[in-house]
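Note that subunit A is present in both complexes that follow, paired respectively with subunit B and with subunit C.
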Partner chain A sequence: MSWISKPNKTTRPIRLMLGLSPLLLPYLVLFCGGAVLTACQSFGVLTPLPHAGGVLDAYTTLLRDASFFASFGFSLWVATASAFLAVAAGAFLAYRVWRLPGRLAPLSLVYKIPLILPHIAVAFLVLIFWSRSGVIASVAHSLGLIREMHEFPNILYSGWGLGMILAYTLKGAPFAMLLALALLARFDIRQIQTAAMLGASGIRIFFTIVLPRLAPALHTGFIILFLYSFGAFDIPYILSESRPGMLSIHVYNIYFKHDLARRPEAMAILTLMFAFAVVFIIAYSRAVSRLENGVRKL
Partner chain B sequence: MDLELRRIGKRFGHRTILSDISFSVGASDLVSIVGPSGVGKTTLLKIIAGLETPDTGEIEFSAPLTRENPVIIVFQDYVLFPSMTVRANIGFGLSTRKMDKEMIRKKVDRMLEYFRLDAQADHYPEQLSAGQKQRTAIARAMVVNPAVLLLDEPFANLDRNLKMETARFIRKTQKEFGIPTVSVTHDLEEAFAMSDQIGILLDKRLEQFDTPENVYFSPASADAATFLGPVNRIPVELIHHFLPASAAGGKKSLTVRPENLEIAPGKGPGRITEKTFAGHYFAYTVDIEKASFTVYCQDGGFEAGQTVTLKLKNKNKETP
Partner chain C sequence: MKRIALTLMILWAALILPVAPAGADDTALQHLPFEQIVEKARGTEVRWYMYGGWAHVNDWVDTHVAAEMKKRYDIRLVRVPMDAGVFVNKLLNEKAAGKQKGNIDLLWINGENFKNAKEAGLLFGPFADTLPNVKKYVDPASVTHDFGYPVEGYEAPYGRAQFVFEYDSAQVTPPADLAGLKAWIMANPGRFTYPQPPDFTGSAFIRQVFYAVTGGHDQYMAGWDADLFAKKAPLLWKWLNEVEPYLWQKGRTYPKDSATLDTLFSRGEVAFGMSYHPSHAQSKIIEGSYPATARTFVLKDGAIFNTHFTAIPFNAPNKAGGMVLANLLISADIQLSKYRPDQWGDFPALDISRLPEADQKRFQDVDLGPATLGSEILGPVAVPEIPSAYLEALEQGWKEHVLDK
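The block that comes next holds the complex of A and B.
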């Protein structure tokens, strides 16, 4: 007598789905449900008030609004500048920390402090230090570098979003360091020794030997930091300027400070931001993949 | 450029790794330092390269080392730059010298041709075989005309049948480029085949430093002899069985390699107790009185139980 065990093809997918349900259910209900509801409301469907206009009214209004494009451009600038600076500073600092003598390595843990600080705390730190009545302005005044406090450059509200860029960079650099250090932990120091023997300077070694090795982590870090800065609300709420404002502030104002009839507009901005994020990830990954000779896979 | 190491010593914590190491390398010499794993060969190489500092002693180069003529070490696993092609790897040292791009291209092309890497010029290291990786690493070092080239276990990652071919290639290349080279290895056959001088590193010390032939046939000590392969020790009271009476007089005990003994047929004091086929030779165990001797020879016509005479083929050093 013999038994042949045959897999039950009909029950296997069901079992698989049940196994994945702790992950899938929150994803489907909270994320997909939220995204669908947002998109619906942007078309005037399922809105708190009956929508009288056309399906694409909210989008038409937005695309005719110059302030929307100004906010979009400003958000893009702040996100790009802060993510780039955070990743660049993180990569450089990670390399310096990695090269520290063993006995100094424990001290380098100080870089993790900004990681545990909430974004809002970092925003206040930037405000306290860099505003015209802040610590640095006071020190400059005490040292006689400026005669009056108001002579201190208006860094936070210069129209370039420098306060937000500074805050996001302070918060993002340790995150980029963490990613880079994970790769450096497995990096062969003999690569650097060989390059030095072949006559390469420290700067050349960093850019031609170390940086390509860190590239995968830095690209991932850039995508995460860029998208966070692009859409986050907390730091812009403290440090943003009015015109142009960040998109997140724009959405907040329409959602909370105007009547319910403008709800589709707010949802249309959120939908466009989500679509932009998806397009950005695909385009960035493809560009990097092409640059890295097909090594990177999304 | 030649170099001289004088009384080099190195400790890691309380552990002595190297002690009193002295030897010199001529301007066009290829020197191999052989020794068992963990004896400090790579540490010695790193000291010559300047990657480690000796605790005692000094290294003198006949001309000062410069950025243009450095000491370069080719590591055991080659340490090619993974994000660069073979061409970029070989040209890396030249590009750091701010050389004209056309000049770099010509020099790299010459190297690619000499090292038989033309077809792999645009390949990345992960696409290369171990032999190709090694040739790329040596080409990358040679192209900058180093003052001294250091090879760390150059045969360790190669297939058995590639090792001897590589040893010959390294010797040919070294002679052609005329760069003083120090190699550390535990592959003895290959070290003998390619080296002008061999140093035996045993128990932290350089036991012997001499030509390959002298090192092999005239080992400085019993330990050096044993490290290089099986040896027979002929006690003084049995020497007359191996040498004519006139030659045997006054001799102390002898150390003899198995391939340096010869079996002569006919009645003699020896009796074959074991015969083993070992590929390109036969290994015989021959008993004379209470001592056993191993003999390697290509004649498979002797059988166990046969009585024979053993003779010395070459002159051997008397055991110290």
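The block that comes next holds the complex of A and C.
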């Protein structure tokens, strides 16, 4: 900021705030405002109908409800499994793509297609391909791999959320690839050549040389993908089963399809999810930095 | 930093505090003769927010109703598709923000959403009893309550629906009563299911079972009785849990909504569909997604019916126009065209015996199609909807005792 001749120490933060205000104001009013309103409504304040019970009623109802914990645990499982698979697949594929000979590189653009597809489209793709009356079952049937269509494994209704995990992984892996490729672009290939000359195997090279380099991108990718699949609504709406339900579907039902008097309950779930997300980010970053401090830097 | 916080708080307060109350215009409108309301509305635009999931209903509104509005009153009708739960929340936000001029003039609403909207003060009224067609053709006793909640003129009747099951007559013989249905489900594992409450249709299905296994609907009509519910509900959970292992996917999962069940039925994965609209199967046959041999049936134990309504939001910019449209919708001509299965097949909300004889004849001459049951079958088994406090308790109880047990 060279045009400010002599920045006064006290005015500088205010100037900075003013300069940022086109960004800060919408953020504070819309995002923080929404978050505050959500929290207020979870305590029964500013609700559409006057709230009769106590301030913490919604929370006690939730915390006494075993099915809430089942949903919470299930959302955690789906988010962890899909984020892990997406990051693992993304890291591996990014490495393979990066090692491709130059003339094949343009072909690798294919990986960007799922990035463009909206989540809901990926959900439908999974539904069309993997249901028992779907494309893969039909192909397996006509190839004679299965005798009857219903012999096809019941992936979408297994009780483990496999359909959702599959969809999130398909959608997340290219994203993790994108992050990993950005780091690989600055990676010196001679490190790998040296390791190979010294007799390291391909697997060893990947795990001891490439992976540590990719770690920062993969951690970021994991956090983003994890939090997205933990709270998102579109893929569960198409692919989730009735039990255990995902939290987002549960909130949607209470918000749109039940008595207005239950609004605090919906908002309490959202508040808890938000609090969990914050705690998760802090705990994850701490764990990662502790891990990295223990590892000798190359 | 303090100053910024203060500014933000003021901004925030300005956003959420309601502004001045509704003007005196609204009260005047409620006492104006209807001819003057029509004059006020002439040449304006009316925006009707309604459920948009049925292509044939959308077509009917966009062509037939819109043309009549233009021809009779020179009013431009704009249909906006939106689920009732969504527009109720939209209005809640507008009310909280003090927005006195919204953009919805008429709503298609009933039941839970009506109760929510009326309790939160989102509706203009009473207006329905001043509409000439309501006065002339509607039996007042038939529209005093909407899911046990008093209507008090805050919504105008517009159609009637009754719960029916659907089956393919080339494949199965339908059971006659609920006991027969249970026996059929257990003898044919995996071939029956119902949409997961709080889906509208699935929720109606469990209410119907509730009536049938607890000794009829009469006992619930007086309003919410916690003791009665605690005593009777376990019978319903028992029935539903007994059939659950024999449902589609062994009852591990339920179709999310009635459209999903329709798909399962049309693909033949399950043997029975269900709908809150008696002509739904006929429309699906015409549309080509159900086989031509699809038929509907009701159980002897009773089939729930309800009336759907139109209502006007508190901040409708064109309330006069909304009233004109609500009145047109309950006219003999529109109700008749709505009744035709090639248009929509929705049952009339007016009392046909109050119509001139020529009009009565026109209603009798409508061919409902082979899949739709006539009033001689639907009438005797019709049972009223349950007060909404029970509905809420049943949906919540279903989650607790059937889904999460």
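Things worth noting here:
As a working rule, the second predicted complex is superposed on the first by the 279 of 298 C-alpha atoms of A that agree within 3 Å, B and C clash if a C-alpha of one lies under 4 Å from a C-alpha of the other, contacts with A are read in each partner's own complex, and residues count from 1 in each chain.
By our rule, a contact is a pair of C-beta atoms (placed from the backbone, for glycine too) under 8 Å apart; a residue touches a chain by one contact, two chains touch by 3 or more.
Not measured: the values here are computed from a predicted model.
Clash-free side-by-side placement of subunit B and subunit C is the outcome of superposition onto subunit A.
In the superposed model, more residues of subunit A are touched by C than by the other of subunit B and subunit C. Remark: in the superposition on chain A the angle formed at subunit A by the CA centres of subunit B and subunit C amounts to 160 degrees, rounded in steps of 10. Contacts of A:193 after superposition on the shared chain: subunit B is touched, whereas subunit C is not.
In the superposed model, A:133 lies in contact with subunit C only, and not with subunit B.
In the superposed model, A:29 makes contact with subunit C only, not with subunit B. Closest contact between subunit B and subunit C, by C-alpha atoms in the overlaid model: 41 Å. In the superposition on chain A, none of the residues of subunit A is touched both by subunit B in one structure and by subunit C in the other. Listed in rising order, the residues of subunit C touching subunit A in the complex are 4, 8, 11-12, 15-16, 83, 85-86, 89, 92, 95-96, 112, 115-116, 119-120, 196, 198-199, 249, 252-254, 256, 267, 269, 388, 392, 395-396, 399-400, 403-404. Remark: subunit B residues 49, 51, 67-68, 70-73, 75, 79, 81-84, 92-93, 96-97, 124, 140-141, 144 touch subunit A in the complex. By the touch rule above, subunit A contacts subunit B in their complex via residues 188, 190-191, 193-195, 197-201, 204, 208-209, 212-213, 293.
On the side of subunit A, the complex with subunit C involves touching residues 17, 28-29, 33, 36-37, 46, 48-49, 66-67, 70, 133, 154, 157, 159, 237, 241-243, 253, 255-260.
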